[in-house]
Structures are given as C-alpha cells and as structure tokens.
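Note that the chains are named A, B and C in the order they appear, and that numbering of residues resets to 1 at the start of each chain.
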Amino acid sequence: MELIKWKGILEALLFAAGDEGLSLSQISAVLELEEFQAAHIVASLKEEYDAGHRGITIAEMAGGFQLVTKKEHSDYLKRLVETPGNQSLSQAALETLAIVAYKQPITRAEIEEIRGVKTERPLQTLVSKALIKEVGRAEGSGRAYLYGTTKEFLEHFGLKTIEELPPLAERGEDDIENGEADLFFGNFPDPVE
Amino acid sequence: MAYNVKIDAFEGPMDLLLHLINRLEIDIYDIPMAEITGQYMAYIHAMKELELDIASEYLVMAATLLAIKSKMLLPIYEDDHSADETEYDDDPRDELVEKLIEYRKYKEAAVEFKHMEEERSLMFSKPPSDLSQFSKEIEPSRQELNVTLYDMLGAFQKLLRRQKLKKPAFTRITRREISIEKRMEEILENLNKVKKRTSFFELFPYPEKEYIVVTFLAVLELMKMNEIFVEQDSNFAEIFVVAKEGVEAVGTH
Amino acid sequence: MELIKWKGILEALLFAAGDEGLSLSQISAVLELEEFQAAHIVASLKEEYDAGHRGITIAEMAGGFQLVTKKEHSDYLKRLVETPGNQSLSQAALETLAIVAYKQPITRAEIEEIRGVKTERPLQTLVSKALIKEVGRAEGSGRAYLYGTTKEFLEHFGLKTIEELPPLAERGEDDIENGEADLFFGNFPDPVE
C-alpha cells in the first residue's frame, strides 16, 4: 500500500484514540507492520501536519503518540471555551453528571476511567452549579473525595427521588448480548486501592 | 409437520402473520383465511407443545382469525337496504389487512434503521478535549440551567457510543500537568473547608507518583510560607496539617 | 486571512470539540465571521478531507458538525476496540422507534395498536437511551404521554434532521397491479403527516 494511504489510516487511529494516544507497538500491531515501518508513517504524517496549515499535529509523550491541536491556534480555542454553546452545560459536564447520578458515590478517578479524559473542570462546574457535591471520602489510603447528586439536581430534573431516574438501558436484553454494559458497570479497578 | 418454532423470532402475532404470508407466498390483499388460520394455529400448537409461554396477544389474534374465517363462510346476503354502503366494505378481512400493511411499513422502516445504525457505527469519534488550560476560573454563574434529563441521558449515550480502545500495552500516556501552585491552592482550600487539622495522608488522594511528588512539594512550600502548620504529637505518630487561620488562597483573592 | 489558514483553525476547533460537535453559529462566533463565510470554510475543509487520503472527515449530525473517522477505515479501528460502542437496538426497539419517528407525537396505545403487542419495554429502553422522550400529553380523559424523537436519535443514526429520514416505503407498485389495492387502500390517511 502507498504511504499516503497508510497515513490516512494512522490519522484515523490517532484521532479515535484521543488523549490516550497510541504506542508505536500498538500502531504497528494494528497496521500489521514492523515498528520501523510504523515509525516512518508516524514521522511522515507529522511532517505533513507541520508543513501545511493544519490545525492539528502529532505530539509524542511518554512513549506514545497523540493528536493535539497546534499551539498557534490557542487563541481560538480560548474563544471557543468562552463562547457559550446553546446549552448551559457542556457535553463533558452532562456526561459527568450522568455518571455521578447513576454511579454515586464515585471518585473523580473512577469517572475519568469511564470517560477516558480529565474531568476536573466538569466536576468543578457541576459543583458550582450545585448539581453535585462531595458526599464523603473513599476508603483506603487515597481517601479521594466521593461525589453524589444534590437536592437541586432532583429539583432541576423534576425527580422526587434518585430512584425516579430512568433505568439505564444496560439491563435490557438488547445489551446483554454485546456486553456494552461493561463499559459502565464492569469492574474497572478501583483507583483508590 | 415440523415447525421450526422460535417464538423469539417473532415480534408478535402481526409479525408471525406476515411471516406466514411471505412463506406461503400469499397475496396480502386476498388472504385465504382457511389456510392462514390453519398455519397460524399450527404454530400456536407447536408453541404449546414446546411449553413456551404464549403471549396473550397471540391468542387474541387466533380468535380474530377464526372469527374472520367463520364470517367468510357465512352466505352473503344481497343487501336490499343501505344503498350508501359499498359492497367491498363488508369483506371481513379488511381491518386485518389494513393493519398488516400498516405494520409492514414500519417493520421495513426498522430494517432501514438497522442499516443506518450499522453505517453510523463505522464512524469513530473522540471525546471533547479538555480545554481547561484555555479557560479562566469558573465563576459561579447565575445562568439558568436549560438542560433536561434527556440532554443528560443523551450525553451519556454519546459516551457509550465512543468505542473504548484498548489500553496501550505498557504505559498509559498521562498528560496530567499539575502545578505546585495549583496543588497549594487546593490544599489550602480543603484545609480551610474542614477548619481543623487534617491527616497528612489525606493530602494524597491519588496514588500517582507525579501527583504525590507535587503534593509533597506544595506542602513544603506552604510550610515555608507559613500558610500551614504541621504537627506531630510524638515521634512516628500521625502527622497533621492545619491551615493558618484566615488564609484562603495563595496570592489571589 | 487566506482560506487555507481558516481551514487549519477550523480543524483545530472541530478536533477540540470532539463528538460534542459545533453548530454553524458557534463556528462563526468563534471565527468572528458571517455564517455564510463559516459555511464556506466548513465545506472546503470537508472537501479537502474527502478528496485526499485522509483518515477523518466532517459529518453533519443533529444540527452540528463534528470530526469522525472515515467509514472505510473502520476495519483497522475495530482492531483497536476493546469494548464495542453503542450496541445495536433490538428488533422490538427498532420497530417501536420507527413508529415513533414517523408518527410522532404518538401515544403508547397507538404504537401498540400498530405493532399488535405490548410495547412498554421497548419504550422504556428507548427513553433510557434518550432516543425518544415524552413530548406532551394526549388530549382526552386518558392524557396519555406522547412520545417523540430526540437529538440523540439523530446522532444515533447519523442524521442531520428528522426530515432526512428515508420516506416510508409505500409498497404501492407491486400491489396496484392487482387492482384490488386501490379498492381497499386508496384512501388511507398518510401516516407520516
């Protein structure tokens, strides 16, 4: 296959991997290539990003590669953060809220494990809007904060009790077949152990 | 006659009827009632024999089929009254056929939906990036929350739609850049919140090396600045940390 | 500024927004451009993605633009996947959803009338997956809930708007030939109305 096609595939892989990035060994395993070949593709994709007026590039960190936005565009990203969307809560905050609502009490590390991205900011937002609060500390040496929903949360969504939340679809027979529920309810390692 | 009965394969009596109509290559607009009723009943009997639970809807439909069948056996009276009634109005099958056609439309649409769903699943996305480095502190806003429960559930479905990728075989790439300043602020904030002395160990909620180092440096820095006091009652006893009264945050506020 | 630079900035913005996506008005606000100008940049970036051997492209879903990997690379991506993403819906749920989508707003009783079976479970599944929601109450003594589709519905099936739904099959052609069809079914109210 031509290099240009490999670069396209690599771009797709790195994009989907998001902040978790991919190691060279993962890349070469997925592409079924030798590591030196994979490294060559990574290098030429990075070259392409850096040569052109692209918005993203490849960053290498801790033995892995990930796509990142170029620094020169940070002013626009700043503006993006400051430009209110049509919803008063971001996707990140809503996701976090759903996780807290269904899995409370839960630590930040556990939420980040589920979301795969840093979640400090969404948690702060939700606390500042009084939708969630610290409800205690996790057991163990870490003693991380545990989060839970508030009375305001119930009021805002018109619920009498937390049990009134619609059951998550994960118990339906649709899901059991393909085990998607694991993502949410599986036994991810307790980070505070 | 061997019937390959799998009740789960049918979404209800309508689905079963459509299946029979297809299999028998019957014209849906001219259903031979005796034949279809016979076939339908055979299915119901087979289900019974397999001791499957037969939903009541299947039995209701069986009764309907029998009723239509018997109506069609009745002699047709030439009506001498009711001129406004059209003759094709009294085909006893009409209502059933109408329902079957209606149902079939949606059953076919469901196939289309399944196809769209599959196509969609070929596209992968990524979560929104963490842009906190570009934003200022969150001011508690008075802005009205305009989100509903469905927005929350929808956001959660988005999260589920992201296919979870395998973790890198060795190191996980972390980009958790915690500054000592930030950690100092956090520590002070927490200490001020509890308003009494806190165990030193509680300052280390995450078992990550980087985090522990930064926290440790932050504590040293705070001690140097006299913002916190560290107490230990005796050698090897638990170490406690307490905030200097009135101190809220470093530098700011 | 040149178009090529705008494209780079847009790429950075879309990358950062991830699957939250950006609406045209958000893009034009951040770029401080008119919407038609922003639309032009979006279109030319998409063109660039689609013309070349790129791994990603722009999809318009539920009123927003988002970056997604190209379908043609899904085989490679699946090799990386640990947990399948959103599981597919059961037949019962798909049928129910099709009825709601084409006949909304609609009550449970009306759906059951069409399907000929109880539909409580599939409805519950669809609500908890946020594919449908209660949009009001029916007139009359019962005041039953009326259901309609959500934004997540559009996202789930990759649709821009509800109007993009394929038209309901009017099995007309093969039936009209046998004449009777008209007799019986000529005057049915169109269910999509």
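Worth a mention:
Heads up, the rule we're going with is that a residue touches a chain if its C-beta (ideal position, glycine included) is under 8 Å from a C-beta of that chain, and two chains touch if they have at least 3 such contacts.
Here's who's who by UniProt: A, C = Segregation and condensation protein B; B = Segregation and condensation protein A.
Only a predicted model underlies this, so the values are computations on that prediction, with no experimental measurement involved.
Using mean Cα coordinates as chain centres, the one most removed from chain A is C.
The most centrally placed chain, judged by C-alpha centroids, is B. Inter-chain spacing, taken between the CA centroids of chain B and chain C, is 16 Å.
Distance between chain centres (mean CA atoms), chain A to chain C: 23 Å. The set of chain A residues that touch two or more partner chains comprises 12, 15-18, 22, 26, 69, 77, 80, 90-92, 166, 168, 180, 183. In chain B, the positions touching at least two other chains are 124-129, 131, 148, 153-154, 156, 158, 160, 162-167. Across the complex, chain B meets chain C through its residues 11-15, 27-30, 55, 57, 61, 88, 91, 94, 97-99, 101-110, 112-114, 116-129, 131, 148, 150, 153-154, 156-158, 160-167. Interface residues of chain C, counted against chain B in their complex, comprise 15-20, 59, 66-71, 74, 77, 80-86, 88-89, 91-92, 94-95, 97-99, 101-102, 114-118, 127-131, 133, 150-152, 155-159, 166, 168-171, 175, 178, 180-181, 183-185, 188, 191. Across the complex, chain A is touched by residues 124-132, 134-135, 138-141, 143-149, 151-156, 158-160, 162-176, 201-202, 204-207 of chain B.
Interface of chain C with chain A (complex): residues 2, 4-5, 7-20, 23, 26, 29-31, 52-56, 67, 69-70, 73, 76-77, 79-80, 83-90, 93, 121, 124-125, 127-129.
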